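You will see two complexes here that share subunit A, one where it goes with subunit B and one where it goes with subunit C.
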Partner chain A sequence: MPSLESEIEGIIETFTNNLKQRKFKGSRDLALNSVQLWKKIIGQMKWQNARELMDKIKEIGKDFQETSPSETVIGNMTRRMLKIVRDEYAMLQKGKQEDSDLQESLQKILTADEVDVDYSKNIPLLKPAIMEHIGEFLIELESSEIDISAQALEHIHANEIIMTIGYSKTVFAFLKTAAKDRAFQVIVAECAPFYHGHKLAADLAEAQISTTLIPDSAIFAMMARVNKVIIGTHSVMANGGLKAVCGTHTLALAAKHYSVPFVVCAPMFKLCPEYVCSLDQDGFNQFASPEEVLSNDEGMLVSRVNVYNPIFDYVPPELVTLFISNTGGNAPSYIYRLLSELYHSLDVQL
Partner chain B sequence: METGKKVQSEGSEKTKQEIMAERKAKKAEKAAKKSQPIKTTEHGAVTILSESIQTNTVKADETGKSKADLKAERRQKQEAQRAAKAASVTEGKQSVAPKVQQGKRIPDQIQADRPSVEKRLVKRYVSQKVPQLPPAERKVQLFSHLQQQERTLELLTKDLAVNQSKIHPAVIKLGLQYASGIICGSNARAVALLEAFKRVISDYSTPEQKELSRDLEVSLKPCINFLKQCRPISVSMGNVIRFLKRHITNIPSESTDVQAKKCLHEEIEKYIHENVELAGKTICEEASKKISSGDVILTYGYSSLLLQILLKAFNEDNKKFRVIVLDSSPRSEGLQFLRRLVAFKIPSVYMLISGASYVMPEVNKVFLGAHALLANGNVMSRVGSSQVALVAKAHNVPVLVCCETHKFCDRVQTDSFVFNELGNPDDLVAAVKGKPSVHSIANWRELPKLSLLNLTYDVMPGDLVTAVITELGSVPCTSVPVVLRVKHAETVQLTSP
Partner chain C sequence: MSKAVKSGTAKPGSEVVKQEDVIVAILIADSFSIRFAPVTDLKPKALLPLVNRPMIDYALESLLLSGVQKTFVYCVAHADQIRLYLRESKWMRSASPMSIEVISQSSDDCRSLGDSLRDIDGKSLIRGDFILMSADVISNVQLIPILEEHREKRKTDKGIVMTHIFKKSFLGHRSRSAEEELVLAINPTNGRILNYQQSKNLKKLSFPLEMFKEHGLVDLRYDLVDTHISICSPVVLPLFSDNFDYQTWGDFVRGILINEEILNNTIYCHQLEGSYAARVSNISMYDAVSKDIIQRWTFPLVPDLNRSEETPRHTLSRHNVYKQPGVTLGKESVLEVDVVVGENSEIGEQTYVTQSVIGKRCKIGNNVRISNAYIWDDVIIEDECCIEVALIADGVCLKKGVELGHGCVLGPGVKLAPGTKIPANTRLMASPPKSENEFEISDEEEENLPAPVSADSIGYVYHRPIEEDSDVESLVDELWGLEIEDDTESEEDDEDEADNDEDEDHEEDLEVGDLPEDMNARSFYNEVLESLQRGYEEKIKGDNLVLEINSSKYAYNVTMKEVNMLVIKAMLSLPSVMTKKGGSGTNDDWAALRPILQHFLPVLRNYLKNNQSMLDSLEALEEYGVNNPKFAKITCKVLHYLYGEDVLHEEAILEWHANPPNDPSAMTTIRKIVEPFITWLEEAEEESSDESD
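Right, the complex of A and B next:
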């Protein structure tokens, strides 16, 4: 029906515009919005069978990806949708209502890859099953921050000195929850040129946590006294490496030098099945305006000097000690397993 | 080794025995005085206390008369000790060595958390009419052993009388230049200090019945304390002061004022010429050999020596290289460095220190300046340099530190906490002033749990440094104590009678 399709196109366009104008405040906001969008699309769109649905999802998802290539969350959510469709289809195919076999053995993952499931059967119960699953997924997304914060007391002991960089909502909630029952200190690196650390320091101080704000240059100097580094990240790559705010690699190296545990708080929707092969690859790094670094007041210099302002940094998995996600704590070496539960290998290439 | 120790202990025992004998004599005197009728006044309680405690400290216990007596005794004792020391020096140098090892003073500026030290400092400043600064409202706990004061130009000059004679006006000017950051950088501060001292020495006149070699040193003390209040003195300045004191005490007592001043002026000029100018030229030659055409060189912050090196390599030796300048708030010294590079048309790139990991894969060499080189091989430099060295090591890029030998010091430090300088915390807020997108923490003092930390220096572990380029050649970090020993031997040779 044309009106339905145009309606769907309408909401897709709104979403794409918001994406281009960067109206989403943070990954969680973006994830929630995109899943709600998918819910609407899948609910209202006309499709006959799972194969058709998946193709349509892939098409739309690809468009989103091209609009904003460095926002990995969109790609992640698209792949989650695809995995949900596949799972529900597989379950209904078997005809039994048992839980999907989460205990896929390593052998199964390695060998059973090329079994071509035929998704073209029309199963009437598929749509409500998918919608229900998406609903559960949304609830999981919304409570991801709370689930991570609930683990705070297991990781922070009394009188610790914790270091963090920039502003991460996840880390803020984590520390705030821990501060209700434990006394500790936080050192925040301000993370130039955006200085998000200032906001975190002010918020932590208002939450009655002893905070010290330091410039980025003092990270190595202060690391000698830090007990733990807890940071948030933009995404977690398939090998367990991080795509995080610029300055995180230095922080990780300093932590390694002093053997300080490097803990990353990242909800599951940030887990991305892509790898970083080179720091120059497309979509990995973005550059913000050089005016933040060298302001245009310095007219004489600006015209004669190259100024770079990278936003992201890559942190290799050897420097990370622990990932804390809404499902619990994991080592970087376990990420591959989590990936196989979240996404299907055929969907990695959208 | 053992015989040396024995001689040491003998020498110290001798002086110890002397002291013990004098103590016994004094005790006997005290006892004799007590047998006289004691004045039962308010001092009565004090005398009973001093009896029971029987300490050796000379307190005005009974009457004003005995105070003068005790003072005269003390002076006699000091003269006797001085004579004894002079005698032992002519015998051999053994008694000098144990004194140095036993009495190594911990500098006052890292004992701000000890009230006894603070009290002593305050007393000294009051007697020398040096302005005192109020302590900072919000101190960072980890650094409570360092001076944290509210330091502004108004507070420094508030109680300074116009015509007071203790602090020379050239020194006041210098102090204010230090405090406001107009003169910044190890070399610049040392040279400016020497120039100011030249003025002080030329305006100095020996009062009657005093010797220039003793009194000049005493008159320099309030000047030095004032400078310490303006800004904690750097290692290069400390070496300058030690050098000057050594030469002042070695002035023969029969020389006239004019001769002595001339001699001191020559020494000062020689120090500047040899240790700063010639050393700089030698280091430039050496470092320029390490730069090849097509190199990408990374620097951090501002170093006057590095600027000289790069200019020489680019202009005189005609090497074509690119420079990447890293910078950090709040000081933005890299910007000053960049300006000068651009003025000389050296192709440059400018970034913040958080981007170090981004650029490091394309860097060939990292050149850093130093504030001081410590005796255990660590490098004390502007805060952030050690971070740059760490990232360079992780990417296998060689790190070359360029430092003249007058900045070497015999202090040892393993971390950046024990000995550091804390800058003005409001600088962190000032650095983001014009940016509307940044959450303003200008009201940080209203948040009792928030403190801002503005470190000045950090200590780089020696294993992050590939080589140190000095005027004595390129040495590894571990050779610093060797160089110090050689220098010490030279100075002892030069100044021995």
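Right, the complex of A and C next:
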């Protein structure tokens, strides 16, 4: 049916265009949207068996990833879909969940070649099962922010001084929840040149939290009196390192110097099974228009200087104290284990 | 005004807006100019690659990203190619959220923007507001808010016909196109354009007094650059149809402003804040916009975010180096900064590339130096070539050791034999100029200019048909690369010469706004100096040099008198330019100058044909002598030599000597120095004739 095909193509096209136009507000929005898109695609697409479905998901997923290489969430969601298909297939096939992996030893994980599961059987119940699973996953995504902020009281104590940087919805929700029961102060680094910190400071102040806005250059100076640094992140790399907004590394180093706990709020969908091999790595960083740093009006200057405006920083795992995910707190060294639960090892390379 | 408000409220504008939900854009895929010739002879400008992507793609992408739903692509030259390209591309796919319709018209019926809009009006395709944009515009502007602003303004001013978009760029900005300098008078409270003037080559501007009387506040802006994007009310098209003399946007604006009283039509200006828009109107703009794309001002229209099935994504590494898959880099080759390399291109060993774009499937040899060059697809550059500031079109082949001067443009398919050196600002194409049917390359005595390429090359010099405004064009083109040149080596020389030039225009300098002419003469002088220097070093024949100088003369629109004077000055300054320090003793100077003069005798003879031109040259000699005391010492020798070679006739010399000099100081220096020569002349003359002063 060509009309169905073109309909899916249309949905995909709209999604990629929204992606290009940066219509998604924050990575949770992006994650939700992409899962909803997958739900539509898997629901409408014609496929005979799991193998075919997985191939198609991989193909489309690769395409998405290429459209916006620095948005790791898109890749994560694709991997998640593949994992769901695998799980459901295995469950229907064997009548039990394929969670044996988790119980297996490290040795086995490392040496096991994928003992070819035959995905080519046509199981009529597979589609509804997958759809149901995706539905559950969507609910998990939607509630991830609430789940994280529910842990706020465990981490923020009365009269503490918290430092954060830029604007993160998760951090805002986290602080807001804590403020219901505890009084504390927040110092926000403004995060030049985008100045997202201004927005956070304004929102916090509106929520009746005592807030101080500082320039990025004052991070170190202010760190001495800070009890805890709580930040959001764009994604968490496989080694527990962060890909976060530019300036976070400075913040993390300052925190390390003063031995201030460095806490990162990161829902599970931000966990990415990729490593940072070099800072030149394609797709790791993104360079925006230099406009924010130097206005293009500035005649002579523009032609004579090179202006760079990178968006992300890499923070090595040793600077991170704790991750707060929607399932609870984890140390950076535990991320690899979480990843093996979230994604199938064969899907890491899309 | 009050009337407008009343009628605006009578017809609730918001409902009208609701009805015209589809956002329409007209993309004019032709620039109605030959700025890019000969490259555009076979390929439409809209499809020329800009950082490895056809120009029209950027325009369509920016419309798509703005949320435009329907685009009419209007093409004239090579319409079939554009149509074919679009049909194959992702733009015409049914799933694309923006539908595209291609309208083509033969170039006989459509010679300007005005013609195309009249044609579109005739087809009555457009009913609501629309976005008018040129296909060579690169922008990341969000157009919808501006469209809404336009509709909002209509509520208060029913006569609004257009909101034109301008970008602020201060003087000296690379994306300020020299040929599109403009001055706008704007009412700062509502952004209404009150006066519009193109200011290129203008010494003064005049504004009607009523404008100031009528509006309490008037902003005069010289820092705005036309982006060639406008939001138009549907009435724009009939306006073009009614006025057959509207050819360009400028005509339209002027027409609207003149008839403002009668028709009550108004044009508004929107000034971009923080977004980028520029039009690739000529080759130096091509250069500027390419650099802006590479340096990411056009974000998100940057190479590493652009991909389609046909073209894989570029990967970005530090210092803005972009590579597509399959790029091979040789040992010790360096891609320094702002470099883009296309798919499956190979770069040899110890090759150095900076600030350049290399297309797909190019082969670049060892020890090649490339800077500020735009190299398109399938180009082969062999070992030890040197390319600085050049545009090299598809399928060009440069054999070993080819050197290109600054600002060269090589058309598709040009092949240059080993060791060829191409002078600066040359445009080459692969087929001989149309008038010249013979297949002969390296010959000089033809009527058309001989191609300055060696045997076994396929490359003919392209000459732009000289039209009334072509001088401006070439000025702009010529400037391409000059800027960069100034920065590096020849700065000191230029300054010296600039000083001379200033002295020369002593009185005119007092006038304000004399800059353009002064600039022209100075650029011409630099050009001539360069030609002569190269001519001397490479022993180019006198006739060729004359042709080169003549073409520069047309390019900068200088008078014959200036030519005579400047050529002489340039020759005299050659020794010091070439040695960079200037000789120390009198004898050295003369020893250095003499072979130069000897080499250029044919050139001199060509220019100094009559009495007046000789007088000019003598005047130049004198001025040069006044400014360069070192030279003054050998003036006598120079005069004698030129007299001996019959370049200067004695009548001229005597007449010059008889007339008082312009500069009184010359009296004491130069005149005194040449005194013995004059006496000798007079004596000699007395022998032959009776005439004396």
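Convention: the second predicted complex is superposed on the first by the 332 of 350 C-alpha atoms of A that agree within 3 Å, B and C clash if a C-alpha of one lies under 4 Å from a C-alpha of the other, contacts with A are read in each partner's own complex, and residues count from 1 in each chain.
Heads up, the rule we're going with is that a contact is a pair of C-beta atoms (placed from the backbone, for glycine too) under 8 Å apart; a residue touches a chain by one contact, two chains touch by 3 or more.
Keep in mind that what you see is a predicted model, and the values were worked out from it rather than measured.
Student: Would you sort A:211 into first (subunit B), second (subunit C), both or neither based on which partner it touches?
Tutor: After superposing on A, A:211 lies in contact with subunit B but is clear of subunit C.
Student: A:180 in the overlay: touching subunit B, subunit C, both, or neither? Say first, second, both or neither.
Tutor: neither
Student: So, A:337: does it touch subunit B (first), subunit C (second), both, or neither?
Tutor: A:337 contacts neither subunit B nor subunit C.
Student: Quick one: classify A:68 as touching subunit B (first), subunit C (second), both or neither.
Tutor: second
Student: Output check: A:298 vs subunit B and subunit C. Expected answer is one of first, second, both, neither. What do you get?
Tutor: Both partners, subunit B and subunit C.
Student: Give the label of whichever partner, subunit B or subunit C, reaches more residues of subunit A.
Tutor: When the residues of subunit A touched by each partner are counted, B comes out ahead.
Student: Once chain A of both complexes is superposed, is A:246 in touch with subunit B (first), subunit C (second), both, or neither?
Tutor: first
Student: After superposition on the shared chain, which partner residues are touched by A:202: those of subunit B (first), subunit C (second), both, or neither?
Tutor: In the superposition, A:202 touches subunit B alone.
Student: In the superposed arrangement, does A:14 touch subunit B (first), subunit C (second), both or neither?
Tutor: second
Student: Which partner does A:307 reach: the first (subunit B), the second (subunit C), both, or neither?
Tutor: In the superposed model, A:307 contacts both subunit B and subunit C.
Student: Identify the residues of subunit A that lie in both the subunit B contact region and the subunit C contact region.
Tutor: 279, 292, 295, 298, 300, 306-309
Student: Can you name the residues of subunit A that touch subunit C in the complex?
Tutor: 6, 9-10, 12-14, 17, 20-22, 66-69, 279-280, 282-283, 287-292, 295-300, 302-303, 306-309
Student: So in the complex, which bits of subunit A are touching subunit B?
Tutor: Spelled out, the residues of subunit A in touch with subunit B are 190-196, 198-199, 201-202, 204-206, 208-222, 224-225, 246-247, 249-250, 253-254, 257, 279, 285, 292-295, 298, 300-301, 304-310, 313-314.
Student: Which of the residues in subunit C come into contact with subunit A in the complex?
Tutor: 64-65, 67, 93-97, 140, 167-176, 223, 274-276, 288, 291-292, 295-300, 302, 304-305, 307, 313, 315-320, 337-338
Student: In the complex of these two chains, what residues of subunit B are touching subunit A?
Tutor: Interface residues on the subunit B side: 140, 142, 328-330, 335, 338-339, 342, 348-359, 361, 382-384, 386-387, 390-391, 394, 415-417, 428, 432, 434-435, 437-441, 444, 447-455, 458-459.
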